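Chain lettering (A, B, C, D and E) follows the sequence in which the chains are written, and residue indices restart at 1 in each chain.
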């Protein structure tokens, strides 16, 4: 018991932070909540670093303390801080500001739980915690678009969650336990298939993978930009890591066909996300579709895990890269406008912000030596190594399409006349994107540290 | 036999729930479909516990977890429905057309 | 005696079945004398949504508490601590609702 | 490593310059001064590195740990193939910066992007690590994209997009190919030296696929027909200096990749599929010449001759894979020399075309021009000189290169050489026609916006290139000896 | 034999309770009042709204009665005198009583009248208020007994009644039971004089009699529950367990009506607010209290 608690101390710190932030909100001190959030998350991160290298399980094997769960903490907690800074500049001063912070941390906790799930119940609970906080976050402004987005998010989330629970019941019935590690046991094809498809639905929705992504653009557009940024990063990383936890345990008899299904989903997500993004004029929607595509790339990691020594580092590196560049892009969007038109001539007005935006977008494409390149480079390597060369080819063609998508933003930023005057940008925003910029630039050089730590 | 009967009923429940979810436009009705699906999941679990793995505590626990999921999703769902109702005056998902593109 | 009681009740019931005058207002629900009341089957603002949502959360917690209560004495202090943490989090939710004015009549 | 890391200095000096230029972007003159000074110093450093001695194998290795977990590291070094290209890069960039010192539209950004591009190009040639190679390979795209879409002509947006997309697809396939090489190396490493010393054992279909990915990547970059469609648009829309660099250096990245990666790391597979490469080379040479012949736009014409010249080059590489050691030496040396010659000559031609269109207000249709030689004797004379070099006149840069390629080719397939010689004839024809229509005859006064001949600045940019053309043509030995030694060492 | 005594004793108790109830609301002690009411109800004309939901209208009183009987079924009338000795008796009791809310909502909905409807919704609000205290109080009792079987719960109080052991729980359970049976001061669903009869405004004649009967049985069941959970059930000196249970039950039931006579009616929003602000925390405190006592 005691060892269990020590092993999951980072996650516990996250929980405590969420509660402490909530307490500050009760006292009507959102700023204190923000500071608490930052402190708590930094503490969790520090613990995550200190705990690095421990490989154990907690609570009789239901929660895995391993590379993925450590790195989930290391990625998600700093992201939560950055998102909180964004939120501060967006909804600061409005009612229930502190609640937003608290929900951010709760959702982060959900993702952290997902990332270490060694048990089906943790999968269900992680998706639930993640989702519930997410619904509330999306509905935070209480206006028409946000409630619509939240409603769609809720419908997709709860339906896929229910389906996932239903399907997982078959796995439980087959194995008699809820351990993921028991999957390798005797298994009939039909219950297995039902369970796997259901699982894919549940986690695929959180990761906004192709057939389950329909909530993404609407929710992102309705929600505050900071929340959209959060929703594009945290649930996704949790869900993909959880998928990785599952795919390492797939029974051999169905492994190939399951991975093939995942691969098809990945290919569809990438293609759909990128192609649809080509026609978007609202930046948030564009980024929403691009996150669908990015999840498709991300899915290469879980597919390759167990077949390639590169897969685990890949998940970590791409996770970091994705968080940094996506949050950065959203931060710029928040600062400078939610449509492409609003960004016209940004290079003239705010050269540094424009340069940062360019870096984030090129990083999303995967241009070296930026973070996105580091991630994709390893992802493609892992996919090739695992024998999914065709998927890597599709991913590559999609990278090219995504270039066209992002150039639609980059081009007017530099080559169109300015659409508005220079504006003062709040300090927290600048801090956020500067941090993201640093991470995006440094990830290529710092890859070694991450890979070494992830092994 | 009992197992298959229970699984069959659960499957039917699931089917009804899924049909409800897909065919209804009112948020509250959709939530009812969701509850049916979760109910089917619980029935499945209980049946598996009763007929296949009578000594598994994990399955019982899972049933409790599913109940929690049900309740909390209902709670948040109603909260969203209330808010939607206040801002828009309707909880029909068909009428949600402000956001598209 | 039982038979007699039942028989009496039966007679009385039978007596109550006799046909009655058809008066206006007899077949409409009471609404302080209005004879064409609006249908009541509609939406009401019952003003306790917040409580209802809180109730849902707390009610689920009870599902965990019953089994816990049964084995509480066997498990001793750890059980107290476990449930203590759980209830603490839950209680925090209650406090939060209180602080946000959720426990006021809406 | 106790000595001064000259290669790293060469590599990162332009980056420093880019930062300086950005910092002083308010003062155009200082920006251009920075550009010229930095690129001159870079050239000097490159020359100094060469004076230290470039051996047949990789020399002047500079190595630092980067990602040891996956066997990637910061590794720089030069050999006979890459060193001349490094020199070419520094020379051509210096020339281009001198030539574009007139740019007044955001000169700070221009200089910064240009120097960034120079660093990327140098990086490709200097790096001895596949990851590093790929990083710089892609960076060139970003730099070039901004050059074209910011300082290009009317259709620049589309051209830049086309260029970026097309070449990105290519380089992504390159990434796949590189990863495949990595995954099959034993132990897994990205070290080029190790990969060349012990080519990865990829078997069967996978080898073909890997080779195909690499071929596609380099064919797009080089470009070979049918993957050349981005090239005319990009060249036409790019500013003069941009075109010069695009043709002079960026195309060489593909050609260099053919030799360094396809040939050296997958010799067996290359040999198996050499015929495809040779065929592509022949087709490109002839097709490029034919299409160039049909152009009326002077710049497009020069652009298509690039396709033609790159055809020879790739043909040479393909021949080298098949030929016996003796002939291989010729073919490879020829191909390498062709890179240098084409870089110098085409770079010079594009700068000259730029000078022409500066004087005609942006119009470049040859039928409209006439008598340029009389109007601008220096400009015209240099153009004629460049044309003769480009069509392969003996004594000028292309001749020794093409001669050696054909010499090697005769040992393998005389028919292919015969076919490709047709391209040579066509090139001669099209240049002569261009000279005749645009430069001979009476001047067309309505066309000209400016009447002055080449300015001192332009001369400073172009004349050294012309001198180099002559030098390479007359004394090719000083370069070929380097290349030849390296080519001889290849053993497969 | 014991069962026979139960069958005689408890209906008599019911009759007594009906008399007490009349006294509590009017102040007159009329022994024949229940008989008169019964005769009146049976003779009275059945007036029914035309546009009613027929199924709900007819089944609501029956459901209420059934609920109360179900609750009685698991409660021990004396040592070993349980109609259905369930291992999860406490849970079952709780579950059965939840249907009171369903019955009242049905009754409120069925006649399509606003007064009834409002009464129904008010009871739903009341449920939200009382269920947490009642459930948590039961939990604390279960903790002490280490079982949900009601006879074990009675057994656990052999030395000390839960009334003394966990007074807070007793108070909460007592008040919640009042609310559950919508007795004054928690009678707002019915709210004589305000809602014109509330939930049951449209019930007349023998249906109304059913409701009154069900209500009495419900009160009896709840009193019995209080006796079992907190007053040691059948435990007591000299007299047989059966008698002790009956006496305690009647005492509790009479005290219920006394409360109604003494206390002012509580608005349903106040019920809600106080329940969540004070009662639920108090219930949690009670659980903690019992938890600590048990570990000592």
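Here, a contact is a pair of C-beta atoms (placed from the backbone, for glycine too) under 8 Å apart; a residue touches a chain by one contact, two chains touch by 3 or more.
These figures come from a predicted structure and were not determined experimentally.
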**Prompt:** Steps needed, at minimum, to get from subunit B to subunit C via touching chains?
**Reply:** 1
**Prompt:** Which chains make contact with subunit B and with subunit D at once?
**Reply:** A
**Message:** Taking each chain's centre as the mean of its C-alpha atoms, which one ends up farthest from the centre of subunit A?
**Reply:** E
**Complete:** Per mean C-alpha coordinates, the chain lying farthest from subunit C is D
**Prompt:** Of the chains present, which has its C-alpha mean closest to the combined C-alpha mean?
**Reply:** A
**Item:** Between the pairs A-D and A-C, the one where more C-beta pairs touch
**Value:** A-D
**Asked** Between subunit A and subunit C, what's the gap in Å when you average each chain's C-alpha atoms?
**Response** 42
**Centroid spacing, where centroids are CA-atom means, of subunit B and subunit E in whole angstrom** = 33
**Asked** Using the average of all C-alpha atoms in each chain as its centre, how far is it in Å between subunit C and subunit D?
**Response** 83
**Fill in**
dist(centroid_CA(subunit C), centroid_CA(subunit E)) in Å evaluates to 13
**Per-residue overlap in subunit D, given as positions that touch at least 2 other chains** = none
**Asked** Do you know which subunit C residues sit against two or more other chains?
**Response** 52, 59, 98
**Request:** Mind pulling the residue numbers of subunit B that touch at least two other chains?
**Result:** 68, 72, 76, 79
**Item:** All pairs of touching chains, each written as two labels joined by a dash
**Value:** A-B, A-C, A-D, B-C, C-E
**Message:** Help me check something: in the complex, which residues belonging to subunit A touch subunit C?
**Reply:** 1, 15, 19, 22-23, 25-28, 96, 99
**Asked** Can you name the residues of subunit C that touch subunit A in the complex?
**Response** 78, 89, 92, 95-96, 98-100
**Prompt:** Which of the residues in subunit C come into contact with subunit E in the complex?
**Reply:** 9, 12-13, 15-17, 20, 26-32, 37-41, 44, 46-48, 51-52, 54-55, 58-59, 62, 65-66, 69-74, 76-77, 80, 83-84, 87, 91, 94, 97-98, 103-105
**subunit D residues touching subunit A - in the complex, by the definition given at the top** = 65-70, 131, 134-135, 138-139, 141-142, 146, 149-150, 157, 161, 164-165, 168-169, 172-173, 175-176, 179-180, 182-183, 206, 209
**Message:** Show me the residue ranges of subunit A that touch subunit B in the complex, using the header's touch definition.
**Reply:** 120-121, 124-125, 128, 132, 135-136, 139, 142-145, 147-152, 154-155, 158-159, 161-163, 165-166, 168-170, 172-173, 176-179, 217-218, 221-222, 280-282, 285
